[in-house]
Structures are given as C-alpha cells and as structure tokens.
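Structures are listed in the sections that come next.
In what comes next, chain A is part of two complexes: it sits with chain B in the first one and with chain C in the second one.
On to the complex of A and B.
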C-alpha cells in the first residue's frame, strides 16, 4: 500500500478523545438517554439470559425456581441421539466449511490487496456478492442444481456454507493484509527473498491473528445458519439449528434450552477469542 | 514496490482470483439465474417444470388476493421492523460512539454476542419469554394484571418484536462506523457558532451519519423480508410472510415455477425499495 494511502486511512481527526457529547442535554435528558440505552441492553440480552436460566429448570414447565435447579435437561440432551448427532454434524460441517472459506478467502484477499491495484474496490465489492442476495435464494438455487446435476447433497451443503462465509473471511483477511506495512515486504524483496518466501516468512505470520479470527468467525456463521440448511439438509444430514427448528415447531421442552445454552457458551468463548486476537470490530468489518 | 511488482504479474493475480470467481459463477450466479428463469416456465405435477414459456405464475401471484395480502404484509412488517431497528440502533450506536471508557469493548461485545448465536437461538428465547408459562405471563399474573396466561405467541406484534431483536445488531454497526468517522471538531464548532445541542444533532451529526443509516436500513430490510423461521415459529397461522410461502410451495407442494416467481417478486421488491431509499436519502441532503 502506498504511503499516502496509509496516511489517508488514518485521518488526523480519528482521534476520538476530543469528542464532545453532541446533545449536551440537561441532567434529565441525559438520565432519560441512559435509561433508554439500559432498556435496550435488557431487550437485547433478556431472550438469551432467560434461555440459560430455563435450562436449569427442575421440571418440564419452566418453573423459575432456582433453589431446585437441576442438570437433568443437559443429561436429556446427551441422551438424545438425534440432538447429539445433529450437534456433531453441525460441528463437522462448520469445520469443513470454515476451513475452505478461510483458505479461499485468504487466496482471494491476497489477490485483491496485492494485485488488483486501483481496481481493488471493485474486487472487494464483488467478493461481497453472497451477502447481497437473500440466503434463501442461494439455498433454493443450489437445491435446484442438485436435482439437475449429480452432486452429493453433502457437497451442496458445504458449498452453500462456504458461500455465506466467504464475504466475512475475505473482508476480515483483506483488512489484516492491508494492515501489513508494505515496506516490510519490500525490504524482504530487496534482500533477495522470492515471492513465496516473503509470503511464508513475512506476510503470513503478520496476518495470522486475522486469518485465525476469520476462521472462527466463519465457523460461527456456519454453525448458526438456518437458511442454507433449511433447504439442503436431508436424512442423516441435519444440522443442529434445523433439528431444533423442527422440534420446537411442535413442542417446547427445556432440553432445547440446555442445547442452546451450550451453543451460547461456545459462541461467547469463540467471540472472546476473536476479541483477543484482532478485536471483534475488525473481524466484523465489511 | 510490491504494488509495481503486482502490476507486472497479471497471470498470478488471475490464478489467485480464479477459485472465488469460479465458485461464485458456477454455484451462485448461474444457479440463481436458472432458478429465476424457472419462474417463467409451466408447472407440472410429475416433473420440476414443463419447458414452456409462460407468465401465468406472475399473473396468478399478482391477481390472487391471498398472495397479494402476503406480499403486502411482508413489506409492511419489514418496513416496521426497519423503522424500529433504526430508532433503537441509532440510540445504541450514538451511545457507543460517544463513550470513552474501557467498557466500550464489553458493551459492543454484548451487542455482537446475540448476533453470533444465530436466528434459531434468539427466536427460541422469545418463545421461552412469551410462552403461556413464560416469564412475561408469570410477571403479569404475579402483579395481578391478568388472571390467566394471555396468548402472546402467534401474534404479529410478537413477530415484529422478535425480528427487531434479531435485526438490531445489523443496524448498530454501520451507524456506529459512520458516527466515529465524523470529524469530532464539528460539534464544538457548531456550538461555538451558537447552535444548541439538539440543533447540532439534527443539522450536523444526523445528516453526516446518513451513509450508516442507509447501509443499516438496507441490510435490515433485506434480511427481514427474507425471514422464514421467526414468523413460522412465533406467528403461527396468524402471520405469513413471503419466505414461508416459498418454503411451502417448494418443499410441500413441489411447485417450483410458482415458488421461483414468489422468490423473484421478493428480490425485485427488495432491490427496488432499497434503491428508492438510497435515492431519497441522497436527495434529502
């Protein structure tokens, strides 16, 4: 990246320390604003917290009696073949899809950042294509393709998940690559290193946190997806969200709360890991 | 230096960009084109479609009152959800953009975390909250406001509340980005020139964040209009959106041509609403 472009990426006014509150409301106004923000946080988190709470329920009816908390629904989850196999299947699918999306994402991001020059913005926008079409359209089209071509259903599911993960991995890794000082690579070239050696010894170690967080992010997206799997799941290939969806269409049981709690804990841990690696905001940058 | 080196190696660039191009072409662009083309073919009970061109599918959708109602409802619900997400999302984004403490990272994480759990988890959360033995009904009974549980599920307001909850994070981040990239000297400058805080907000801060507003709204509108799972689980028989109609037509009645036509209408309406919105926003300032 040329030096002048680097400079414009960080304009001098990006220093946020001097931001003044734009609405310098009276004390009452400020209080109201704080209350509104607090209420919004309650709104955002209540449905998740209630699920965690309900998962320790002692009986079927979600009695909110914490003194009789029990782990029976976690045992029920582990004893249920359909949920355990759906969980395993989702983990496997998410692993395959996220690794593929990260590898293709890295290759693409490297191509965009290092070789597209002025056409970089066009390349970046085109890479976002799967995000701009509704996901149901992607999965229905793949389902139609399945009926016409001899593609295994599993492959269609993997391709669908790779497609919805790619915009995120490409965006994340592009951001990481742009953060690599071009002069460091130039120095390595000057010292006689080949392109491959520079990539392996200089660039890759520098963007490793970004690549790893893209991988985790893709895993989360694949694991939580319902719209691709809704049309492409088949017998023996049901993802966890689809298994839960078909179950709660008919009945509600705290066993679902237990499974979702496991999922929430897993995702919060992954999220904290991304935060440690590159910061969630960078990983989310699109 | 690398930049110059790059320009000399077009074949290398092509090799790097080939996998993604092939993937998008073969598994995204061509299949979607094929799927949308099926909407102009005739329905057949035995096969996917009959290879005969027709506009019957569209004519049926646009003349049948049942389908027209669903199209109208889908876009009405999407507009309401977008509006509420915008108001709430702006509040949160404004709050986050103006705070300086170390808490900002944690508070941002609390907005992203629900997003990462996926649609099913969050929809299920609302079932637990609003079910007949859910927390809200227990509170209402405990406070003596009602004597027996009221039916909160299977209503349109519940679907809207849950969709706002699901879409809110998508609104917060684009607006947040547009707020933090504003020149922080503008607000003090406006107040030096005598503008009152509210006026500064409406004449400086708000207009300058319109790119975030447009991005967030477009994203929320598109995602809401295409939702299936949330209206299906929380709306029951009382709420039907286009996504559910496509799901039923293709997976239950195997009517691919009509399902494809519904999908095409969904996409065309989404894009026209969004482009209209973009144009309006550009003209407004």
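On to the complex of A and C.
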C-alpha cells in the first residue's frame, strides 16, 4: 500500500469533501475577494521573498540589479566557522529534542486518547497549555528552577526545547490516534498479540505518518527557537538563531539573508514531506 | 477393593471431563461495577459445547459487557470465569483462545485480507506454509476465495464481515464471540448473512456466543437465548420458550407483539387458570410458572394474532370497545379496551366481516393460548 493511500485512509476528516461556497458572490464581489486573498498572500510571503532576494546580493547592499546576482554570501556562510558550528549544533539539538518530544508526545497522546475517557478534553487542554505561555516565561522559569538543580547545561537546553515542542507533538499525534479505531487494537489483542506487539504491528503503522510529521514539526520549532537558547545555553553551545542574533547586533550583511534562505528551503522541503504524509491541514489541527 | 482410590479419582476426573463437555464455558456469579453503580450481574451462564447461545436485550442491558468479560477485554469486579474447567478470570485476552468478531469488523486497514486472516496464526507461530493453506481454506469457507491480496477498504460491508469471521475462525478458537456482527449491513444482506453464519457455525460445530438486540436474529439463529435486562438475566430458554412462555413482564413486552392485561386468578386446575380481568369478565389462561394460586394477581399475555374478534352472537367475551383501528392491507389491527380500561391488540384478516367496524363500537374477544405471568416476578 503506497504511503499516501495509507495516510488518506486514516485522518478522521479525510472524507470531508471540499464543498461549493455557500454564498454565490456577484462578479464585483468575486473580484474584491480575489484581490483581498492575493493581498493577504503578498503580506504573508513578501518578507520571505525579500530575504531570498537579498541573499543573492553581489555586495553589502540589500538592493541590486538581478542580473548581478551572486552566491558569495552563501560561500561566506560556509567559510564562517562560527556560523557552521552553530548550524551543526542547532541541527543536533533539534534532532535530540524532536525525537524526545515525539516519543514523550506519543506516550502522552496514547494515554489521552485511550485511557482518559470522558476526561480526554481536560487532558488535551492541559497538554496544550505550554503553547499559550510565552516562551520567554518558560525560559525564565526553567532558568530559575535549573539553577537550583544540579543539571548540566546541555540537558537544561534539551529539556527546554522538549517542553516547547511537546504541545505540538501531542496535538499532532492525538489527531492521528483518534483516527485509529480502538476495536482494531482490541481485535489484535484477542487474536493473540501482546500489548507491545499490538503497538508495533497495528497502532504504530497506522499513526506513522502523524508521528513522522510531529517529529518534523518539533524539529522546526526547536531549530528556530531563540528564547530558550538565549537563557539556557552556556559557553560553546551557541545555536544558529543565537549566532545570528549576536551577529546582527554589531554588523549587517547579506550573509544573514543567505543563512535564512537555507533555512527557508529546509522548512519548505519538510513542509512538502508532511503534506505528502498526512496533509498539512490535518497535521496543523491543534 | 473394587474401587481403589486412584481408580475412583480417575473415574471422577473422567466424570468431570464429561461435565466439561456439557459446559465449555461457565460464568459464575459474574458482577461488573463501575464505581458504585452495578452494570452487570450477578450473572450465571453455562455455555454448552457446540451450541449457538444468544445474549439478547435492549442497549445498555449488559450483553456487550458480558461478551467483553468473556473475551477478557473487561475485567469483572466479582465472580469466576471457567473455560473447560480452568479458571481464566484474570487471564489476558491473547491467551484466552477466543475468536471475537466486532460490530464494525475492526479489520487492520493497513494489511491485506490475507494478512488480516493470517494475523492470529502468525501470533501463534504457525509455520508459514501452513498459514497459507489455512488462510486459503478459511477464505473458501466464507465464500471469498479471490480477495486475499486486496485491502479492507476495497471490499463491501458484507465481504468485510465475512473476512472478520474468517479471521476469528482461522485460529480455531474454543469459542466464537459475535458482537452484533450483522447490525452494520443493510436489511437484505442481514437476512442472508443470518442463515450463512448459522450454516458455517453448524458445519464447524463451533461453540458460539452471539450478542444482538434484534429478536428476529436471535430466534432464527440460536439454539438457546438469554434475555437480558438492566444488567441481569431475565430468562433463559429456547427461542420457542421465550416467545411462548415469557416468565416476566419484561420478557413478554420485549419479545414479539404482546398485550398485557392484569387480573385476579379465580380458579386454578393444574396449569389452567381462569383470570378475572375486571367487571366479572373471565379469561382462561395457562400459567407459565408454579405458585399462581387462587386470589393472586396475574398478568395475562396475549398476542394480536391469538385474539379472535367476535361480533354479536358469536362465542366470545363481550363488552370490549374498539379504541383504534389500523388498516394494514392484508390484515386489520384493532386496539380494544376492556370495561376496566385496559387495552390490548387484536389482528384479524381483512375480510368483509371486520372491515366496517369503527372505533367506539362494542365487540367481543376470544382469547387463545393466553399466558398468565405472576405479578410479583415482573
């Protein structure tokens, strides 16, 4: 079974068809509507386009004639030890944090969906709570707590990132698990599979697309975090956003735009992958 | 000398073995409580080898809870569960050796039909080529020889239901459990599957417990029926027993179309009673149970097809008023009222004699095969 077919068999709202608009707009109305939607997208995406444009600048200026585009700032990024090591560190941190957040998120989501019964909504809301709290406050309180506890700084950073990723992984995996009929698990159980085998043979394959997209989401969130890293990272533990942050305090050059463009491309690729796996709309349902 | 201790023990074991053949599964005072509310029981059930036993009752009567307790998916609060004499009360489902068919079939959506059916065998570490043969044979038994490579979503409801049955049967369970397996099918298919299910069950001779709220299903398929109501067993018996000799008010009302009229027993001779239903109107009836002596209250149970409507000059109990008339084509259904204000139904063929009877008119009624149920037990 191709993976996309598998995914479309699962999401609970997969068969909610896209319906005709309830109201027929007049010709003028339709025109206004199109303009408004276009304007919205320009507003959303223009900053990204400007960054991409600036990254190909041939000199220090942010505006230039497009025919003079160059890759020199990309080379500058790769030649800079501090940027490259910050990039590597961020990738490593994001990998650890996202895997942990996904594992913990799966277990939590499973508990919420299968064992909470009528209290499911309360459980879900509580798990979503960290998302409502500003990251800087989470960061501050973690800092206060962790100075009291003998925890290595790297661990503190990982804990912080797991914390901000968890609401997203829990939400995504909960949505996936709700699409899995509890009777299907019970069927495997009565047919002779232990609980562990049921998880491995039935539940995980059925929620795999959701789990994978939760992993990618968590990776992106951890990778882009500033506030947690700002408070909790120690010497030799500079993440890419922090490196960029401290760089632009002193100087400004299109190298930042180049780095940002690399990240945008990375995230777009991840986004396409998620779209392939579960459909972005299902994954974003929080 | 003749019966030394070991011999005696051996023959006792053999005797016990004999008993086990009689009762494959025993539910001994099973109770399920959630907090302080009792959802089920205490319930005693004995399932005989090879029979199809139906748990019948309205939703919330505890029939599915009972089935889940047997399958091990729900843990009873009290009581014991014995499978062939062995206590399995706290045994986890994977080790119970029961085949459960779910209402929504619960097939594995990410596996082919062949893989679905093979699952239980794979869990039992059956060799690969044996799995292949057994899966193929099972698909033939349920009449779907060519679907092994398809996925569940590519099959129709009726086909999925057969696959679910095959998946439960292929492990050769000691008991087959069916949880409303026909309720998701359309009416026509449901009738066909009833016969088919029963045919397969009898051919394989497999002990089966069937849960349904549909009395037609229960009657057509079962050897024995257990009627349940609000967590308790109301009556156990053959379909004929349940229909003809309901023991309680609930049983009478739940099964078939029944009218209930209360009265006093004025005469008793063996099983035959005469019951006064008010204003001196006497109705002959048969007692469904002992202990309904003269002077006790009784409920008369009649069925529309067992009441004959009589008009002036005919031999019947006069003084009934027509409360309602429903023309059904072939038959006419009358709602009649006794002088005491109790209502009962009467169904007559649609012939000229009855066609012009109107509500408000006075007629008579002759009761046939009327049953008397004690009030105290209802």
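Note that in this section the second predicted complex is superposed on the first by the 259 of 286 C-alpha atoms of A that agree within 3 Å, B and C clash if a C-alpha of one lies under 4 Å from a C-alpha of the other, contacts with A are read in each partner's own complex, and residues count from 1 in each chain.
Here, contacts are C-beta pairs under 8 Å (C-beta built on N, C-alpha and C of every residue); 3 or more make two chains touch, one makes a residue touch a chain.
As the structure is a computational prediction, the values presented were derived from the model and not from experiment.
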Chain B versus chain C as contact partner of A:194, first or second or both or neither: second
Touch check for A:162: first (chain B), second (chain C), both, or neither? first
Just chain B (first), just chain C (second), both, or neither: which does A:186 touch? both
Identify which of chain B and chain C touches the larger number of residues of chain A. B
Touching A:58, do we find chain B (first), chain C (second), both, or neither? neither
Mind working out whether A:209 is in touch with chain B, chain C, both or neither, as first, second, both or neither? neither
Taking the two structures together, which residues of chain A meet both chain B and chain C? 1, 186, 189-190
Across the complex, what residues on chain B touch chain A? 1-3, 5-7, 9-10, 12-13, 16-17, 19-20, 23-24, 27-29, 31-32, 34-35, 38, 48, 88, 91-92, 95, 97-98, 100, 105, 107-114, 116-122, 124-129, 131, 133-135, 138, 162, 165, 168-169, 173, 180-181, 183-185, 187-188, 191, 197-198, 200-201, 204-205, 222-223, 225-226, 228-229, 232-233, 243, 246-247, 250-251, 256, 259-260, 263, 266-267, 270
For the complex, which residues does chain A have touching chain C? 1, 6, 9-10, 181, 183-184, 186-194, 197, 201-202, 205-206
Complex contacts: residues of chain A adjacent to chain B: 1-2, 13-25, 33, 36-37, 40-41, 43-48, 50-51, 54, 61-64, 104, 107-108, 110-112, 114-117, 123, 126-127, 129-130, 132-138, 140-145, 147, 159, 162-163, 166, 170, 182, 185-186, 189-190, 195, 220, 223-227, 230-231, 241, 244-245, 248-249, 252, 256-257, 260, 263-264, 267-268, 270-272, 275, 279-281, 284
Which chain C residues qualify as touching chain A in the complex? 71-73, 92-96, 98-100, 102-104, 106-110, 119-120, 123-124, 151, 153, 167-168, 171
